[in-house]
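The following block contains the structure, expressed as structure tokens.
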Amino acid sequence: MSISRSVFRMMVGLALVGLFAPLLAACGPVAPAAPAEIVLGTALPLTGGQAREGGYFKKGYELAIKEINDAGGVMVKEYNKKIPIKLILYDDKSDNTTSVQLYEKLVNEDKVHALLGGYGTPLISAHTVVPEKYQVPYVNGGGATGEIYARNMKYIFGMLASIEKLAHTLMDWMAAQQDAGKLKKPVKIAVVGENTSHGKEFRKGVQDKTKAAPDRFQVVIDEPFELNLKDADPLLQKVKGANADVFLADARIADYTTIHRRYTELGLSHLIVSYGPRGTEKAARDALGAAADYIVSCNWWSADIPTQEAKAFAEKYQKAYNEPAEWFPALAYETARVMAKAIETAGTLDKVKVRDALAKTDMKNSLVVGGRVWFEANGQINNDYVMMQNLPGGKLGLIYPKNVATTDAVVPIPKK
Amino acid sequence: MSKLPRSFGRRPFTWKLWAGLAGLLFLLAIPLLRLAGGYLQTLGFLTFLYVTMSTAWNILGGYTGQTSFGHATFYGLGAYTTTILALRGVPPLLTLPLAGVIAAVYGLLWGYPCLRLRGQYFAIATIGVGEATRLLMLNLDDLVKHSALFEGLLRKGVLTGGATGLMLPTPPDIRAYATAFYYGGMALMFVALAVSWWVKNSKFGLGLFAINMDIDAAETVGVPTTRYKILALLLSAFMVGMAGSVYAQYVFYIDPQTVFGFPVSIAMVLMPTIGGIGTLVGPVLGAVVYVVVQDRILTANLTLGAFRLSLSTMHLLVYGGLLVLIVLFEPKGLIGLLRRFVSWWERRGPQRVAAASSHPRRGEP
Amino acid sequence: MNIDLPALIVGAVLLAGLYATMSYGLALIYGVMKIVNLAHAGVMMWGAYAAFLVITRLGVNPFLAPVIIVPLFFGLGMLMQRFIVRRVMYAPPISSLLLLFGIWLIMQNVAYLLFSGDTRTITTPYTLTTFKVAGISISVNRLVVFAVGILALVGLQRFLGHTYVGKAIRATAQDGAASQLVGINTDRIMEFAFGIGTALAGLAGTLMALIFAFDPDFGRSHLLKGFCIVVLGGLESFVGVALGALVLALAEALSILVVMPALQDFISFAILVIVLVIMPGGIMGLIAMLKPKGVIR
């Protein structure tokens, strides 16, 4: 039997009123004058598929903010005092809709002064609409795909150079190896990438360089694979059948481990093996053992970069969390510092002015490759990558750029 | 429809009507009030969307009894249809009904063969269809670009954008746009509710209930079961498709994992089942509770001394638990619980007993 | 492009053993109780995590892990049947489906809570070792998984055929009322069957954890493959399940010759839907179709 329409209306009305009452009670007048703290907000994947990376980012943010607060806070000229930072951190469960919802909440309910980014291109692509919508300055250290910054958004800034550039760097390095006689020419490439914009941009970057120099490179197989792969067998059987000289992949830590395990089990071997930004992670090297030796990676940061800032961060991080520093927390740390610096430069918490200060950022003595942080017109940084190679015995060698390289790359990979 | 007043008060009819109107006015005024800085508006919009989806699912799953775990396919298709067309210059509002139509057509495609299956098998088939669709949409671009036949559909080499997803250009005044969508979403919700109400009180709906209870008997009595089942699926798919379309236009970014994902299908099963499957108001209640619980839980933390547990993943855990409890103890969901409470309330006071005994009781209210 | 066909086929056969283990539990539960067990996915996932805990936290030898896990899951299954599932045995089948779905949700989210959503792998001393047979590289891991799976199934088949309990299970599957009439305690038997089914799912999960990566969402696609195999191969015979598993594994492996590897699962799901649809009336129809022909008793 049915309930009459008016009862339905009553119930819906009551339900909504009753359940939203706490929200009603919570909203009050906006506080005027000098705020007691600068409120920064972020939503990170702390659970779900990206939990590991999200966890690193959390640590990086917290380390940076603790450091700033220990020194008294950020100097805001408008109020002529140092104000400490409060970070509101939510878990977006690696889900797009949740991420958007949480950023809306941060802006409207928590009334943040600025936003720090999340991690992961899909999440970032989805939630960056929110800071742009409400005109809140936003800088992230976890989204590298160029598409994020191709939407003419004024309030979005990113600390990671694009994946396309990563692929180009890798290809240019290979070209240099060919010129040095260590790699044959032309060379056949097998490229696979995770089925995300990250992976697609990587594959496109490889294809672009191939088309530009057909005498050097030939792509014999170009395949996507499902994210969070459980069984790498079908993919690798195809790679095996392609008889390539070089194997390039773009994958997350988990998929890199899964794929390389099966790679080894199938007895595959190539002259050069690279998983894009992955390769040096301790967890993976432990799991793969000697199988991970000689993998070349191209990344936004490494603890072995011989600059003072990089070393200082590596030490701080090791001391605070008792684990070696990887690029995730390093970039997160720097992201928070860049935002703090922008507020300081702007001298105020006014969102538009902070945004302008971000756009004009020129921060030296940074731990990023090249030591300097600045943003292009589209909001994305455009600095260099650092390339590394895993060496036997759990060691690591920096192979590019020349001014930070610690060793010559071992090319081709020695046959076992 | 019954006009028998329940013994709630002296003049029950007017009281409920006024309360209902007050609720409606509140909903209409939310964007103007800018409560919680406008967050309530976003939450309200999401609620309208979920109520629409919940009600639409209920037509197939509740009235007809064909539990579908694959409704995300309609949601996703609606979202993608709108986005793809909008990126090629079709005015977004026009894409709304088109999105519904495409979703319905797809529903016909896989629904026609699958609807022959009974209860459990249909459910399994829908899980299969849902996952298969998601994988297909994830890889469609790579499949299509090698085929000359479909090449025309690609624009700059992108049809569905695969895993990258698709991005819609944001309009200059996002705030006004969002408010317009709030009301649009509300309108869509009322349309869905109206359709659900119409179905429930029509001969068509009677046929659906009959199919639910005993399909063979229904067939014998002359109910065109196949045709009705398909109609129910089409109606359901159409509305969910439109909901997907609205979602895409509000969020400006969609990707296959989000809109075709199993979690979306799960949500569409959980909301009406917990609220009260097969009723008119059940899905509404289920959706409202779902959104509000999720919102509150998302940022909640449980602190037991030094042990701090983020409750953000508890949402589905709670719902799984609720589902188990409901299946075991109160299959009619929250509405069933509410009715039990109402009947207990009615039986409470002696004066009510006297008044009630002079009314023709209709058994369990 | 020259794919190594023999290696592909050998790989498929090894995988089929695993698939068979995973499907048999499903088939048993359905055969005896006519319940479609969606929680099977959750149990498999928990089997994987149990293996993870036992191997990495307790340091147990990976090949001994099943010895601990299987009895544990058996007990778990019996408890689940006695206290939860039994209540909806005589309700419309959709109730048991929803109930088990709810249980699956709970299992999945408890896993998220305890282990977070990271994809994990188990590394054993044997993980990367391979040996060559006739030029085909075979992974020790996969071979052992295959062997354990087959052993379990053969053992089960003997159990069902040669013990009182086993025969009672088969009797209840054929005709519950008649079984009661001859004095079989069908309630107890159903607990047993559910326990065995759950134990098999746990075993399958443990074995899968050794060769695949897993996260709390793991299990869903395998569940669908399991249904596919059960429908393909029929219920009451071990041979049927094994055959169905082989057919599916081969179809998957050979599919990479025609479609992208990323679409491999799509093939399995499409087969599932097609098989469900063209078998008239689903699984029951298949049995009804084959009964008069004396193919199944």
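So that you can tell them apart, the chains are marked A, B and C in the order they are listed, and the count of residues begins at 1 in each.
The criterion applied here is as follows: a residue touches a chain if its C-beta (ideal position, glycine included) is under 8 Å from a C-beta of that chain, and two chains touch if they have at least 3 such contacts.
This is a predicted model, so every value here is computed, not measured.
Q: Any chance you could check whether A-B or A-C wins on number of contacting C-beta pairs?
A: A-B
Q: Using each chain's Cα centroid, which is most distant from the centroid of chain C?
A: Between chain C and every other chain, the largest centroid distance is to A.
Q: Starting from the mean Cα coordinates of chain B and chain C, work out the distance between those two points in Å.
A: That pair's centroid distance is 33 Å.
Q: Chain A to chain B: how many Å between their CA centres?
A: Centres of chain A and chain B (C-alpha means) sit 35 Å apart.
Q: Could you grab the centroid distance between chain A and chain C? Build each centroid from C-alpha atoms only and quote it in angstrom.
A: Comparing mean C-alpha positions, chain C is 38 Å from chain A.
Q: Hunt down the residues of chain B that sit against at least two other chains at once, touch-wise.
A: 135, 138-139, 142, 313
Q: Name the residues of chain A that each touch 2 or more other chains.
A: Residues 46-47, 93, 195, 224, 226.
Q: Residues touching two or more other chains, restricted to chain C: which are they?
A: Expected reply: 112, 221, 260, 262, 265.
Q: Would you tell me which residues of chain A are touching chain C in their complex?
A: Touch residues, chain A against chain C: 46-52, 93-94, 195, 221, 223-226, 228-231, 233-235, 237-238, 240-243, 254-255, 257-258, 261, 264-267, 286-289, 291.
Q: Note which residues of chain B are touching chain A in the complex, please.
A: Per the touch definition, chain B meets chain A at residues 1-3, 13, 16-17, 19-24, 26-27, 35-40, 42-43, 46-47, 135, 138-139, 142, 162-165, 167, 169-170, 174-175, 178, 197, 200-201, 251-253, 255, 257-258, 263, 279-281, 284-285, 288-289, 292, 295, 298-299, 310, 312-313, 362, 365.
Q: Considering only the defined contacts, which chain C positions touch chain B in the complex?
A: 36, 84, 87-88, 92-95, 97-99, 101-106, 108-110, 112-113, 220-221, 224, 227, 260, 262-263, 265-266, 269-270, 272-273, 276-277, 281-283
Q: Going by the contact rule at the top, pick out the chain A residues touching chain B in the complex.
A: Chain A reaches chain B through residues 1-17, 19-20, 23-24, 26-27, 46-47, 90-91, 93, 95-98, 100-102, 104-105, 107-109, 111, 122, 125-126, 129, 132-133, 145, 147, 151, 153, 194-197, 199-200, 224, 226-227.
Q: Chain C touches which residues of chain B in the complex?
A: Result: residues 65, 67, 110, 113-114, 116-121, 123-125, 127-129, 131-132, 135-136, 138-139, 142-143, 262, 266, 269, 273, 309, 313-314, 316-317, 319-324, 327-328, 331 of chain B touch chain C.
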